[in-house]
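There are structures below to look over.
You will see chain A twice below: alongside chain B first, and alongside chain C after that.
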Partner chain A sequence: MAIRRGRGVAAINYPTGMNLGGDPTQALVHSTPTGNFMVTLSSVDLGQGMKQIMAQICAETIGVPTDRVVVDTADTDTGPHCMGTFASRGTHRAGNAVIQAAKEARQVMLEVAAEELEVNASDLETDGQGNIQVKGAPQKSISIFDVALSAHFKRGRSISGRGMFLIPRSYPEKETGAMKPSTCYAHACTVAEVEVDDETGEVTVLTVKNVFEIGRALNPKMVEQQLVGGSWMGISHALYETTEPYYPNRDHGGTDFNQYLMPGPGDLAETEIIVLERPSADGPFGAKGPGEMCANPQIPAVANAVFDAVGVRIDTLPITPERILRALKARAAS
Partner chain B sequence: MAKVPVQFTLNGSEKAEFIESGTTLLNALRDKIGDTSPKGGCHQGTCGACSVIIDGELRLSCLTLAETCNGADIKTTAGLAEGGVLHPLQRAFLDAFATQCGFCTPGMIMAAKVLLDRTPNPSREDVVEALSGNICRCTGYEPIIQAVLVAARANSQNAA
Partner chain C sequence: MELRKDYFADVRKDGLNEIGQPRPRLDSPGHVTGKTAYFADRNFPGMLHLKMVRSPHHHARIRSIDTSEAEKHPGVVRVLTAKDVPHNVYTILILIQVGPEDETVLADGKVRWKGEAVVAVLAETERAAQEAAAKVKVDYEVLPAVFDMEEALKPGAPLVNEYHGQNYYLYDSGECRKVRFGDVEAGFAQADHILEQSYQSSPIEHAPTETTGCVVAPEGNDRFTCYTNTQAMFFTLDNASIILQMPGSKLHFVGGTVGGGFGGKVDVIVEPIAILGAKLTGRPVSFVYSREEEMQISSPRAAEKIVIKDGVMKDGRIVARKVTGYTDAGAYSRHSPYGAQKGAAHYPGPYTIPNVWIDTYCVYTNRTPSSAMRGFGVTIGDFALEVQMDKLARLIGMDPLEFRFINAYRDGDMKAHRQPTEGAALIECMQEASRAANWPVAEKYMAMSSYRKGA
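Right after this comes the complex of A and B.
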């Protein structure tokens, strides 16, 4: 009986979005009378930072500072249609819709500015600080504040835009079954080191080293936050979490936070995160979906590390001490 | 059921309410007084989201009856900022990205405050121990641990 060390590696490809009846998200953008911009969405921010990212995308597209954009995700009954915040699709799908809506709004904004400045709209550019100026002659400029006032009170224009992003449903080819069920794959690789006590079956994850390829990181600190939390959650899925430990039997299923196991602050593995940015062709500013994928590669990596440590394959999650001891016993008996 | 009077100090100001006997402090704070910074996660004392400070001690407000708090000095996360300036712990949680959905954050900050009030220069193990009664689903805990350590350093620099 001993503490045995093992190391496991796993790599994943992870899709963005899904292929049910088509995968649409729509967005609306409009300016207030004072030249702030509202993004209206039904895509819900669960805490992952959807509002911040959509504000950045809208601001970048229109050419204003991010703090001039307000994102409203209040009501899925009345907002533009979105399939939802899941399948790592929020940034990719909603982001593309916001870009389209913001482009249309920007065009109206430039047209109004062109009338005020008595120039051609195609000769105008934004300075990113809240002003519109003539290309090559920045002294001839107007603030977006004044453009919005003019649109609302003088010109009778709505500085607004509609955005629609749809991945159509993909049907399998009858002969081959080939289809395109998802788009825009993110990638990850994890190396996990574990210690397994072959007397108690207890697994301790010592280190997890993760590399994530997530397209362009639109907000690097928020990406890092998501990946650190996701890596922890992957270990939690690998070793702890289940509602039905004897599925399909419901016995001993956790019914509250007391019985539902997750690693706490004292159970953390030394975690390393490396982000590779290879901008995607169809993502908003090259982004992919780093949401769900970040909690996936740790699971097979830990399973492989357990095999490396004690020589048994556990193919049911979570990898509990009981499952390891039963597997060791079965191997000894055979 | 007869209502009972309860009086205590909340974040420095006197509060007096009539409550149903048996009301938890969590529900009294949120529904009667309007301080929604303590969160109701499990209502059984296992998640720590409802943590408040009562007479200097970290307490679970979901397991504390409001009527036992007569005369008590209660502090919540809502009372930490002074004159619009965030408490060093709040600042550190923001800077360290130690919050995602934010539901556990007020409880984490209360637990951390009691730790720093008693142990101004805690070790990592001290921080882990202090946070061990609080559950977080999003962050993986590491950013929270780092935020508490950063806040402790900021405090000790201010004191020096």
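Right after this comes the complex of A and C.
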């Protein structure tokens, strides 16, 4: 009886978005009288930071700092339609809608600035700090604060825009299954190292090294929070979680966090996250949807590492100590 | 976390002002100081609490329901049964024309899983609602139940759901969603080795910090405001409108701040019945799942069974892959027919294989309906595919990582569901993993690229 060490690898890809009945999301953007920008949506922030990332996308597109943007979302009296926050679609679909709306608003903003500065709108650029200036002559400039006041009280313009992003419905071909179920794909490769106690069947995940390709890290800190959490969830799926431990038997289902097993802080592996960015053709600033895929490669990587350690295959999830011991026993008997 | 900017630098424009910047989240201070308002922070004067009477049986006919004792219980304001629900038989994907309607808001004549909602009790306090729910008498005739997908698919198995007429979802393509690419039998015939293996998972709970729920307030103008933690505002509003036969203009949904979803809050379960309660009593209604309900009543990730048969050459090329996937939907469809279809499009994984055959089934059993969860239709498939890849590599005596390079998809490769590969990056992820994990592979693999000249 011994503690045995093993390592395993897995590589995966993951589609962005759902496509059953078409995949639409809309956005509205408008400026306040003093040049702040409101993004109105009905997308849902699940805690992953949807509002923050929409603010950054709007700010980049209009050319203002992020703290000049406020996101008002998920009120059906004001927010235009969104399919919902799922299928790794939130940032991608809503982000594209916000870009389109913000571009339209930016154009009006530049037209008003052009009238104030008596130049052509096409000769103007934003400095990213809240000002609009003539290209090549930054001394000739006007603040967005003053442009918004002018639009509201003098020029009678609405600095606003409408955004719509729609992936049309794809009907799978009956006999061949030809279909376009999603758009850009994110990628990952994970290497997991485990220790398996062949006396108790207990698995300790020592390290997980995850490489994720996500199109574009729009906010690297938020990417990190999601990828680390996903990596943890993958380990949890591999080794611990189920509502029916003896499926298809319906008994023994956990009803609280004492009975439903998940790893605690002491069970977390040393986690490494490396991010590659190959911008997608249709993503907002190239972003793909990494929200779901980041929890997937750890499961087979851990399963393969368990085999590498003790030489038995557990092809049923979760990989519990009981299943490992039964497999070791069966192997010894044969 | 490390951003490796050297990969794909030629196709990426860095140096933007706001994008790519690690700005602090504007909502974090509210979250960590407890100031963020969630739906359950809404508390209205006179608010009622809704509790469900649930089926203790996996499959049973309801002979009769007696609510008289529950109605007399102190604090009880109203008791709802199936006849109170205007459009009681529904399915959420009907909004995008994926039917049939197959699920009851409140059970009518039959229960098909243990925990199914039968009677709703509205009372002044949670305790009164709970106590009254225990006084509802339901006379059941227990029926044979089926829990195993293979058993459910056999002739003569108990019929789980009469709205389908058989224990699987009927696609336009027949009993399963199909993908056919190349000639899989010819591929097997030419292969040096064949490996057929079976994989299985069990249902998994989303385990969000905040359980599913909503608070509904009747407004003075004949409208109802529903504060909810749904992941999909209009999806829920439009389904509630159908179930309640109430114009959508009468409904106002407010949400967007959710304590974790993971796909567990895309079903439309709590909102319609809570709005109905508010309409029939004229009072605000709160319906929030207990942790036990979240764990055993709300939809889990489906259990799946996946059989993979591969034909592989000694040089490492996979020449044929046949996948048969079974998704355990439980008693009702919810999003499962879509999950099984998504699986069909995902196989054979991120590899270029010339001959592919996929069948994915959505199977009904007498268990808690499953539905969407993070990685819907893909997560368990990836487990099966990537363990299978490890087995194949060992079968032909090849390093598992090198084996994946040989088969990895690249730009322009045709996928089995007939979409050309675009924006591939599997090879680069594996190259970086090789370095990071000190798992060396031959130089020719480190020199590979997802790009193809001219692609």
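We take it that the second predicted complex is superposed on the first by the 324 of 334 C-alpha atoms of A that agree within 3 Å, B and C clash if a C-alpha of one lies under 4 Å from a C-alpha of the other, contacts with A are read in each partner's own complex, and residues count from 1 in each chain.
Everything that follows uses one rule, which is that a residue touches a chain if its C-beta (ideal position, glycine included) is under 8 Å from a C-beta of that chain, and two chains touch if they have at least 3 such contacts.
Since we're looking at a predicted model, the values are computed, not measured.
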| item | value |
| --- | --- |
| Which of chain B and chain C A:Ala330 touches, first, second, both or neither | neither |
| First (chain B), second (chain C), both or neither touched by A:Gly264 | first |
| First (chain B), second (chain C), both or neither touched by A:Asp256 | both |
| Which superposed partner A:Ile3 touches (first chain B, second chain C, both, neither) | neither |
| Comparison of chain B and chain C by chain A residues contacted | C |
| First, second, both or neither for A:Glu272, with chain B first and chain C second | second |
| Touching partner for A:Ala137 - first (chain B), second (chain C), both, neither | neither |
| First, second, both or neither for A:Met233, with chain B first and chain C second | both |
| On chain A, positions contacted by chain B and by chain C | 46-47, 49, 221-222, 224, 228, 230, 233, 256-257, 262 |
| Residue ranges of chain A touching chain B (in the complex, touch as defined) | 46-49, 221-222, 224-226, 228-233, 256-258, 262, 264-266, 268, 271 |
| Residue ranges of chain A in contact with chain C within the complex | 7-15, 18, 20-22, 42-47, 49, 51-52, 55-57, 59-60, 63, 65-67, 73-77, 79, 81-87, 128, 169, 172, 174-182, 184-185, 187-191, 209, 211-213, 215-224, 227-228, 230, 233, 237-238, 241-245, 247-250, 253-257, 260, 262, 272-281, 285-286, 288, 291-293, 295-297, 299-301, 303-304, 307, 313, 315-318 |
| In the complex, chain B residues that touch chain A | 41-42, 44, 46-47, 97, 99-102, 127-129, 131-132, 135, 137-145 |
